[in-house]
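Have a look at these structures, which come just after this line.
Okay, so chain A shows up in both of these, paired with chain B first and chain C after.
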Partner chain A sequence: MTMATVDIVSDDTERLVLAVSGEIDMANAAAMQQELLSAISNQPTSVSVDLSGLTFLDSAGLRILFTLADRLHVLQIEFELVVPVDSVPRRAIELAGFPSLMTLRTPTEPPRAVTVTEE
Partner chain B sequence: MAPPVTASPADERLRRIEAVTDVVLAHLDIEDLLTELLGRVQELLGVDTAAVLLLDASGQYLVATAACGLEEEVRQGMRLPLGTGFAGQIAAEKEPVIVDDLDGADVRNPVLQAKGVRSLLGVPLVAGGAVTGVLHVGTLTPRRFTEDDIGLLQLVADRIALVAQVRHAQAERNAASVLQRSLLPVRLPEIPGVDLAARYVPGGQGAVGGDWYDVFTLPSGRLGVVIGDVVGHGLRAAVVMGRLRSALRAYALDSTDPAEVLTRLDRKVQHFERDAMATVLFGQFDPSLQNLYVSLAGHPPPVLAVPGQPATVLDLPADPPLGARSRAPRRSTLVPVPSGALVCLYTDGLVERRNRSLDHGLAHLARVVTAGPADAVCTTIMAELVGADPSVDDVAVLVLRRDDRGDLVDLEFPAIPDSLKRIRVAVTRWLSTTGCTPQECGDLVLAVNEACSNVIEHAYGPAGGVVFLRLHRSPPDIVVTVRDTGTWRPPRGTHRGRGKLLMNSCSDEINIDHGPDGTSVMIRRRLSGQEGPS
Partner chain C sequence: MNHPRPTVSHDTQADTQFEIRLDTDPFWLSPLRAFVTDLAARADFDDVTAADLRLAVDEAHSTMITAAADGEDVIGRFALAADRITVSVELTPSPFPARRTVPTDTFSWKVLRGMADEVELVPDGVHSTLGIRLTKAKAGVRLRRW
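The block that comes next holds the complex of A and B.
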């Protein structure tokens, strides 16, 4: 059974920080998408999703991130992913060309004020 | 109804009953046997009703078990508290009771009243000095039962008591045996990189005890190994064993520390199984199988055999058995298990004999354990330690060897999303034996995961199917083949097509072959720092 959790790290109305930990594959992707999307309201100006606690992410998981990026783009909410270098999720995210769509930083870097790259 | 056989003496009547009991009834189960015997009693005494009530497990209630002419009693599952009513009085006083006329007597049994029973004679069933039930007969017309009647009925009652006791003991033993067998793994799990074998033999005269062993993979990718021994024998010990086995598995899901799992299990035993005591060894291998963390609850330590070295009985700290009401913190110890090494777990029945010391048994065990194939090692252990000197106690042995020679491993999983996690754990474990780097391992697991996701999503209809994996080490390459026996359909939905991209990026070669019997996806990855075949 593949398990993952979504936690709200901080929510100061301007900036929402979420942390996703566990693993994401086809078995829990639909549930995780629902959980992640419903954790975000239309109020914040930026959303940061910290994947430091995520140990596995496959194409089903990438689909969630792409969907999330799409929705946040429409809502004009900045989107940032925090992913450790050399992690399996980082590899999948980079291979999928995700960094061109949004800000990707490692947990040690300080947050930067950046806008979603226009395609 | 035949008239009473007044002419023949009681001895003659008894002989007739004995003949029937011994020959015809020998193989009937207890209910059929009682019904048959009651029919004979009915005929011999010329009565209209006959019934047997047996004391239930609580010892507080008589339960209608068999009846002739009073079948309603049994069908309604009638229960009488000890000491009340006609049958209850017989059981409480351990004396025959006669009711000449039911009118006005203290008989509250509605079935007797509805039947119109007028006169009753009842005697206690006594086995080993204790009352185990009541046998009573009745007539629909008033009748004065004689001393002769009482004597005959008591003889039949004694016979029934004896048979019931023997059958009960037999049934309990069979139940214990079936339960015990059902709780041991029917088949040990197939785990890449692990060679497993186990033995269980009941103690003297086939008596099962509370020994058990268990092997299971955990969602964390760890491997749990258990061997345990519930103090006591028979059904009671087997039932407690079953509960401990389930609870241990449940606690193992939530902790990576064996000492913590046994602490929780002990708390469960102390609260819910107050009379139980058990020794348990619980170990968890990390996913690479290189490290075994062990906690001992009063259980003898494992034997470790490393290739090229004599086997040793590990010197591990032991904590008290479960149920010993100790509050001392439990400990886990790390045991490094090198490649090719073998770990032997056992219960004390293997090494304890009345005529020799425990140390002698342990030394003997260490002498015969080698880092060989698990099943052969089990066979040797049983031949050497049990063969000529059977144990009165039951014996369980579980042997696990790290077998890294698996250059070719075949695995099968149901093609369902929940299999993905198990597949990743199995592939990661196998890859850990191939010397690949963490990055190579991560890439291969991702590629295999994508190939398997495709099978799960596209290959089969709602009836489902199987995803077949072949893991092959062919230096300097790793080749993984993912196969199905279905028919692929085009992917559906948005944000698709990244699986193929990931597979390509994470490997050196991907080859997809759609054949008439299914699809086969070959994933090849060259490992860095490995020499090819010369």
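The block that comes next holds the complex of A and C.
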């Protein structure tokens, strides 16, 4: 059975940091989407999702991340993914065509300063 | 939820052929990936190439699970050669097959094309797509792309 978990690493009023670990495929993608959305129940300024603990991510998992990026963009919430260099999830994200609606960062890079631009 | 046991057969005539027949429950994707990881290690694939193969096989199976009609099963055939593994993922032909196409304008197809060295759709010879065939070579082995 495909298992994954979403943990809230830190949750202040502005910046929400989540960590996803395990595997995401078509068996659990819908459930993971719900988990992520329910973890973002407040209105933070930015959301960071750390995928360092993710050992497998296929296109079903990519789809939920890209959907999440769309939703957060509409809400003007900054979104970044933290993905180790050379990891399989990172290669899959880059292969699928990395969307411009989020920032991709490695675990060793410092987070970007939060800036919200008015449209 | 009860899951029927998957069928695994080993062709003793050709020492390097395996066939795994699964129902279309995505539950089986995780154990299937574990099998592919083990198979790649036994075939002396390095970790990166094995990870590519695992993702490609997952995408091919996921695609065919989505395309399957009621009652159809997914059959994965794994053929090991000295420098590559070829995997054919097909649906069991039903008595009255639906007209079936496999979309290739998807994230899944992009990932599959990126992870495997060769990918092609397998037509059933009438009007439908029966499956996907992919090949992954060991690191440093260059396959001819069509």
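Quick note on the criterion: the second predicted complex is superposed on the first by the 111 of 119 C-alpha atoms of A that agree within 3 Å, B and C clash if a C-alpha of one lies under 4 Å from a C-alpha of the other, contacts with A are read in each partner's own complex, and residues count from 1 in each chain.
Here, a residue touches a chain if its C-beta (ideal position, glycine included) is under 8 Å from a C-beta of that chain, and two chains touch if they have at least 3 such contacts.
These numbers were taken from a predicted model, which means no experiment stands behind them.
Superimposing the complexes on chain A yields a three-chain arrangement in which chain B and chain C clash. When the two structures are aligned on the shared chain, A:Thr67 is found in touch with chain B, with no touch to chain C.
Of the two partner chains placed around the shared chain by superposition, chain B and chain C are both touched by A:Ser59. In the superposition on chain A, no contact is made by A:Ala31 with either chain B or chain C. Residue contacts after overlaying the shared chain place A:Val88 against chain B and chain C alike. Residue contacts after overlaying the shared chain place A:Ile8 against neither chain B nor chain C. Among 95-103, 347-355 or 437-445, the region of chain B with C-alpha atoms clashing against chain C is 437-445.
Shared interface residues of chain A, touching chain B in one complex and chain C in the other, are 1-3, 23, 25-27, 56, 58-60, 62-63, 66, 86, 88, 91-92, 95-96. Taken together, the chain A residues at the contact with chain C in this complex read 1-3, 23, 25-27, 56, 58-60, 62-63, 66, 86, 88, 91-92, 95-97. Of all residues in chain C, those touching chain A in their complex are 26-27, 29-30, 33, 48, 51-52, 54-55, 58-59, 62, 65-66, 106-108, 110-111, 114-115.
The touching residues of chain A, counted against chain B in their complex, run 1-3, 23, 25-28, 56, 58-60, 62-63, 66-67, 86, 88, 91-92, 95-96. Of all residues in chain B, those touching chain A in their complex are 219, 417-418, 420-421, 424, 438-439, 442-443, 445-446, 449-450, 453, 456-457, 494-496, 498-499, 501-502, 505-506.
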